[in-house]
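Each of the two complexes below includes subunit A, the first together with subunit B, the second together with subunit C.
What follows is the complex of A and B.
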């Protein structure tokens, strides 16, 4: 049994701590603020296998299968619901591109299909079909409750002995030669250290700082942090816009009905490079912009009240694919999720835990694709299909 | 059930018109809100709750809660207590969560209306009005918005005469003070007023503050200024007891709105919970309006309000039961009875002391909490100060919060009363104008004068409590 430090108490860190404990490892988990405070509790909650490259399609197909069993496995309601993702096309060229995506997804067992606007309107009663020609529909995509999911993982992780600490900030590493021997951290103003055998950097937007502490170049995994905002309406009757609906050509605007209270969450690719890692202040231009798309997509929304607006971070790598793998002999990274951390968590956490504990994984993950050194080598992939 | 005669108030009703409640025509008057017209027609159940399908009726009557949400002309979640009736309006009870009108057409886009001023005042009650008047006199261009259809805040329903100094309107009824302040505001050319306009957010745009307004639920307005005064008042507290959501259980302020602002009789027989000033004043206002008050129950061992108010209530023959609390409300779709009991020294009801009152209205006068939502959203530091009614924004002696350019005044700064709200509004209005470099230095003296008046007002036994809360706030004591 090795002692493993997981840094970052978002969904990736918490789920990986859980998976490591399942494999019998001794885990200490650090979160400098409160669990979920970074990006997880700010996310739009969507889960999809509709990607446009083999690596992400296969990883997310597996992740969805894990999501389907996660409630049973964790023994908590996490409100995972397969309400689908519906992408809408506005031109013939886009339909052709959609068809190519569908062929790829179908090849790996993801049951996406092209639907006409009559069917789309049946699935999303408040949809305005006029501006759109067709849609790609995968009924097995869905959503889950980020709060419940994180707490379920955390509860089970602690039950298996994970020492999970919040308001505890990692401030450095102790090393002997190239080897990391201990993690130094600060809690309630007091600095302490703990001996460890390996470290996982699961701090997403904050990952470059931790890489630097490990003696690596800050930009070894180049992560640029963008402020992404969402608005949400008052609670509404369920079933009015359950799937995530998105015309990619409308600046990635999307709507999705919250699985808990029925409020409709509206997002769009109106992004700002964050002024800093404290900059989560909502902006008026986003509010105006996103609602303009939302009411064109679903005109009845013009009668709904927006009651909330908030921001979180997309920690983007140059190719919008995360960096998952080994950076040093005893230092791993799982970060730069570019907006896909929540949906990927069950698969990535398992893969990373198995990599750390066993050196290989049963998860169909393309390690080369997510190799954290690819940026250094200048081998970028095609961008992961990212929305919002 | 409309009041025709009142010893103090004269109800000037507008043109008669017809609204349709679930298809049934109902007589209403121009200038009144939907909930008032429905109440006058005897309709108490306004919606059924989203989770347990319980009947719900009016509660706050000033747009601060969700108890009166209805479907109006097919649009759900309309706050009927602050939405004016229009001829031919179709009104339905909302059952469960809102269903959006599916046939809605895509909107036509227009740029939002932009209103520029030096200072944006949110809230047209005593604090906001005094803020606007003084800021204007000190040289600022002011825009004032309020989501209610009339100015005056809670003054418009106060029939009692105020205490204090002559320049603080001593001996004048609240409803008259509202008129005086409104006239003062209306005659100032550099003050623009927007009614039926909700402030839904404050954004920071460089040196500019953007207050996002929505007028009549449909028109977006950008109020742009360099300073903002938040004078959003307070909201009624609720206490836990069985069936506390039955229609007929109202916040004290809602009852005043019904009978004193709109001339609608709240019911026939009332039980009041809480013998602070609000509960006591409410009792004699109800008697004025010809409504029977069966009793006032007060959990504390003695009356909390001013002695003069309590004496007046007792003279009117209303029993005040101290050391008593309400156990439950009974009734099917509306209040039919209230059950109260005596409390022991550990605040536990004593078995066997239950009393049943046959009432159709239960008035909750159990305190207020500051409406700080906008201040919180704008990033102002918030602390919990019990003496000020709960969570309040940290502010300095000039009423400026921790966000530069955002000021607070009145009940939203801490629960007190109209007289102090007016003084705080004056301070905030002048201070904001000074901070913007518009007012002459001499205006500092006016602030100092108002501060002295406040200090004097707070030197009594009631004010001391508040002064203690403010001291904690200024010294940074209290839970963040």
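What follows is the complex of A and C.
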């Protein structure tokens, strides 16, 4: 049994701590604020296998299979529901691109299909079909409650002996040569250290700082942090817009009905580079911009009231794909998840835990695709489709 | 306090549910808020958050002033989408 430190108490760190404990490892998990306080508790809850490249389609197909069984495995209600994702085309060229995506997804067993606007309207009663020509529909995509999911993983992880600490910030490492021997952390103003055999950097937006602590170049995994926002309306009758609905050509604008209370969550790619890692101030231009798209998509929304707006981070690498893998002999990274870290967590956590504990994984993950050193080598992949 | 005492009227959360969650080890108000959806209703917590703080203070032995208020979210009052999106005919 090795002692493994997981840094970052978002969905990726917590789920990986759980998977490591399942494999019999001795895990200490650090979260500097409260669990979920980074991007995880701010996310739009969407889960999809509709990606546009083989690596992400295969990984997400597997992730969705894990999601389907997760409630039973963890023994908690996490409100995972397969309400689908519907992408909408506004031009003939886009339909052709959609068809190519569908062929790719079908090849790996993801049952996406092209639907006409009559069918789209049946699936999303408040949809305005006018601006759109067709849609791609995968009924097995869906959503889950991020709060409940994180806590379900956390409770089970603690049950298996994970030492999960919040309000505990990692402030450095002790090293002998290239090897990390201990993690230094601060809690309630007191600095302490713990001896470890391996470390996982699961701090997403904060990952460059942790890489630096490990003696690496800050930009080895070049993560830029963008403020991504959401607006939520008052509760609507359920079933009005259960799937995530998105015309990508409208600046990735989307709507999705909250699986818990039925409010409509509205997002869009109206982004701001964050001024710092405390900058989660919502902006007025986003509020107005996102609602314009939302009303064009679903006109009845104009009579609803907005009750909340919030911001969080999209931690982006240059190709919008995360960095997942080994950086040093005893130092691993799983970070830079852009808009899709929540949905990937069950698969990525398992893959990373198996990599750390066993050196290889059963998960269909393309390690080369997510290789954290690809930026250094100047090999970028096609951009992953980045919305939630 | 016992029985069905409703603390968050918007989202129908009882005192028992809150106490049970605190007993299970969740003592950060930001976490309690999200797990039970307290303070996320139309009143945005004006009714329930002060009550949750007093329960939390009692159960954790802290003074209420030591418990930080959860972040408030704009807009402070609900606004109609049509108004923000720029008029009904757009």
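Criterion: the second predicted complex is superposed on the first by the 387 of 388 C-alpha atoms of A that agree within 3 Å, B and C clash if a C-alpha of one lies under 4 Å from a C-alpha of the other, contacts with A are read in each partner's own complex, and residues count from 1 in each chain.
By definition in this document, a residue touches a chain if its C-beta (ideal position, glycine included) is under 8 Å from a C-beta of that chain, and two chains touch if they have at least 3 such contacts.
Because the structure is predicted, anything quoted here is derived from the model rather than measured.
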item	value
First (subunit B), second (subunit C), both or neither touched by A:295	both
Which of subunit B and subunit C A:148 touches, first, second, both or neither	second
Partner chain in contact with A:194 - subunit B first, subunit C second, else both or neither	neither
First, second, both or neither for A:115, with subunit B first and subunit C second	neither
First (subunit B), second (subunit C), both or neither touched by A:128	first
Touching partner for A:328 - first (subunit B), second (subunit C), both, neither	neither
First (subunit B), second (subunit C), both or neither touched by A:37	second
First (subunit B), second (subunit C), both or neither touched by A:262	first
Partner chain(s) touched by A:236 [first = subunit B, second = subunit C, both, neither]	first
Residues of subunit A at both interfaces, subunit B in one complex, subunit C in the other	234, 282, 287-288, 292, 295, 301-306, 309
Subunit B to subunit A touching residues, read off their complex	50, 75-77, 96-102, 104-107, 109, 112, 200-201, 203-205, 210, 212, 379
Contact set on subunit C toward subunit A in their complex	11, 24-26, 28, 30-31, 34-35, 37, 40, 42, 44, 73-75, 78-82, 84-86, 88, 90
Residues of subunit A touching subunit C in the complex	34-37, 41, 147-148, 151, 155, 158, 166, 233-234, 260-261, 282, 287-288, 291-292, 294-295, 301-310
Residues of subunit A defined as touching subunit B within the complex	125-126, 128, 130, 234-238, 240, 262, 281-284, 287-288, 292, 295-296, 299-306, 309
